[in-house]
Amino acid sequence: MIRRVILWPPYIWLLILFLLPFALVFKIALSDYAIAIPPYTPTFDWADPSSWGATLGALDFENFQWLLDDPLYYTAYLSSLRIALVATVLALLIGYPMAYAMARAPAHWRPLLMMLVILPFWSSFLIRIYAWIGILSNEGFLNMVLGWVGIPPLSIINTNTAVYIGLVYAYLPFMILPIFASLDRIDPSLLEAAEDLGCSRTEAFWRITVPLSKAGIFAGCFLVFIPVVGEYIVPSLLGGSNTLMIGKVLVEEFFNNRDWTVASAVAVVLLFVLVIPIVLFQRSAERRDAT
Amino acid sequence: MKMSRFNVVSLTLGFAFLYLPILILITYSFNESRLVTVWGGFSTKWYGVLFQDERFLGAAWVTFYVAFISASIATVLGTMAAYVLVRGAKFRGRTLFSGMIYAPLVMPEVITGLSLLLLFISIGLDRGGFTIILAHATFSMCYVSVVVSSRLVSFDRSLEEAALDLGATGWQAFRLVTLPIIAPAVAAGWLLGFTLSLDDLVIASFVSGPGATTLPMRIFSEVRLGVSPKINALSAILIGMVALGVIVASLTTKRAAQRP
Amino acid sequence: MTDDVFAPWNDPGQSPLIRYANVTKKFGEFTAIDNVSIDIFPGEFFALLGPSGCGKTTLMRMLAGFETPTSGIISLGGQDMGNVPPNKRPVNMMFQSYALFPHMNVWDNIAFGLRRDGLPKDQVAARVEEMLRLVQLQKFAKRKPDAISGGQRQRVALARSLAKAPKVLLLDEPLGALDKKLRQETQFELVDIQEKTGTTFMIVTHDQEEAMTVSTRIAVMDEGIIKQIDTPASLYEAPNSRYVADFIGDVNLIEGDWRGDTLHWAEGQTPLAVQSDAPVGKAWLALRPEKIAISKDQAKADNAIPGQVIDIAYLGNLSTYVVEIPGGQKIRAQATNARRLSRRDITWNDTVWLSWTSTAGLVLSE
């Protein structure tokens, strides 16, 4: 009985503020652009059920056709996926050795190291990305240091390189923590057993440690890849005019062009692009919970 | 356990990468000069300029009350959701419910922001602090429920059963046994929700209206044009507050752990 | 010595397979192993027995190569193992946690060590099948470790560590995770497998019954030193100290003044007659409960003490009586319940006589 009472408030809240908005996005993505308020047609006349049929009939896939026709959109999707993939691989290459070193650190250090990884997460994302503007800009900190040692200045800001640096920096903790968790769970006697049976240390690492941290690697990669595909702040602050990411396109479409219907279509397609990695991630998370 | 040199090097470089940018930022907030490349001497001038800027003070107030209220709503709803998911019997729509709890965690912010804005417009809700609170409470409650349910999963269910066996009603068992045990997780969930709300730029930009500008929105519109010493000062203050909060929290939990 | 008794430790012509020579191991300030020397011979089933924290596991892990002695030498087949890394030692270990690789099935777990040796595929397969047959797990070859029972996991671990035909198999509390009944069955299986393969086994255990059941010789350890090394029977019947007497089986210890033929144990009581060549002075008479007879009337024996029954524990096959003797000490005496419906006439608060012969007990001066 009490469980029923507890269930309803969060359930109804999510239905109204999570599910309903999505339905709306789908519906608007199928509507036509109009110079009106709101700037799409048809609008539902909720009070008149007899008009619903006609309204539904007016929905079509024209906006999606538009996304296919204009190269801007599909190149933005592809570019987002590529940038997310590269950033994920970079984060893995930096994050795995760190997580490994943490798991190998003396036990009384580990809580402190964990906290040092989590700490940046508690401070503002925006500020952490902003910090890199001062470092990477043409008259920034990095070029000042390079100047001292006599290396000619680099122009990194407003390039994809700056975007990669910012993405890896911001999302590194999400890579480290799950990998650390899976490495920390490995029974040290497994590595001793491998050595006992004739493995060298390196061989034991590749045959035992890496396979047993696979779940952590998957989780870390998804936790980086999925949000990065839709990332808006990093490309806006560190990227240049040729940095094409779909999150940025969506915001610009909505606010600058006021084209709600195309923006909604962009969102729907983005969601479908991410459905596969999201489902894969949920599956692996459930499998981890089960063990 | 001794650490190999490789491990020491990767930790050192890794943490340098994570912390150097923040340290540089804080250092430059005390720079007299406007330029990054020129060190004009130590000064707290920019802090003064910041505190005279009413737009920042107003934004700070909006951010604070939005974060406080949305985190509180999210904590109540998220704890309820976690309890239902972990302890509840099967009910129809359970899959949909747990899907709605987990989906916002991985949903791109641009989509969440866009969809909520379209909702608010279509139901004719005036946009401002109130709509930001609704939006933030929605995604924060999902984080709260994940944090709380991980605590609920790990704690021994027989404690609740013992309370029921000793004559407590379901509500009493929850209030007197379950809640005190999951309290640290609930508090952590509130803090997480509060921080997420403080931090959010994208969703707030979508759903806010005239008169409700949050600090991240203010910062973003300034830094799009490049480095601003005022923002350096603001960043240093925000980072200092987080550091202080974490130190206080870890000291109090340490003291609580040491108590016999 | 007759030829059919396996006792290479008594034969000066035999050379040991494993030799610990004055081995000491320190962890910081803590001395885990204090100047230990042991010789273990080929074909032995040697047990290290002691309470947890006595250093027995450390002693074994040094032979496997996971710990390095602070001083002293460990040699195997005459070769100093000092600089040989664990993966190059002809020694395999069965871990307490079994340490089965969770991402590999039973077959691959057993094949793991063979593949590291670069054996050709068909030889690996043949050996794995042989091992699976030995531990009777042919049907479970394709299962992952988390899909088989605890007893089966234990056998996989055993098969995996035996697959490379090591000179010595080390077993770290191999049966600790099994329930009592399974443990007893497995003890006999272990002995069987040890005899079949002829491998030298070294086992670490805190369970004296287990050590007694499986091993040829036992080293009883306490706080980093070896108290006594001997066969199970000798340890039980001729312990060299109160510690060993108490650790192996159940014992009554009566403190007194040993005068060479009698132990004076209490004012005004008849001294106890014992045959022993222990040095005179303060000493303890160690008496196993089953060596004491209990009766209502004074029996004719070398020693007889009156007492009062405090407690009776009926264990089915036998009964243990706790008897308070003059001076207040409580002595345990055991009687077998040989007949099913006999009237057991001794009951609580009865006055009884405890009696034993002069050769039943042992005088221990430490």
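When the chains are written out, they are named A, B and C in that same order, and each has its own residue count from 1.
Heads up, the rule we're going with is that a contact is a pair of C-beta atoms (placed from the backbone, for glycine too) under 8 Å apart; a residue touches a chain by one contact, two chains touch by 3 or more.
Quantities reported herein were computed from a predicted structural model and do not represent experimental measurements.
Between the interfaces A-C and A-B, more contacting C-beta pairs are found at A-B. Comparing mean CA positions across the assembly, the chain most remote from chain B is C.
Centre-to-centre separation between chain A and chain C, using Cα means, comes to 59 Å.
Between chain A and chain B the centroid-to-centroid distance comes to 17 Å (mean Cα coordinates, whole Å).
In chain C, no residue touches at least two other chains. Chain contacts: chain B has no residue touching two or more partner chains.
Looking at the complex, you find that chain A touches chain C at residues 187, 189-190, 192-200, 203, 208, 211-212, 214, 291.
Interface of chain B with chain A (complex): residues 1, 3-4, 6-8, 10-11, 14-15, 17-19, 21-22, 24-25, 28, 35-37, 76-78, 80-81, 83-84, 87-89, 91, 93, 97, 100-104, 106, 108-111, 114-116, 118-119, 121-122, 134-135, 137-138, 141, 145, 170-171, 174, 195, 198-199, 201-202, 205-206, 216, 219-220, 223-224, 226-227, 231-232, 235, 238-239, 242-243, 245-246, 250.
Across the complex, chain A is touched by residues 64-66, 85-88, 91-93, 95-97, 99, 101-103, 112-113, 116-117, 146, 160-161, 164 of chain C.
Across the complex, chain A meets chain B through its residues 1-3, 6-7, 9-11, 13-15, 17-22, 24-25, 28, 38, 94, 97-98, 100-102, 104-107, 113, 115-117, 119-120, 122-128, 130-135, 137, 139-141, 143-144, 169, 172-173, 222, 226-227, 229-233, 236-237, 247, 250-251, 254, 260, 263-264, 267, 270-271, 274, 278, 281-282.
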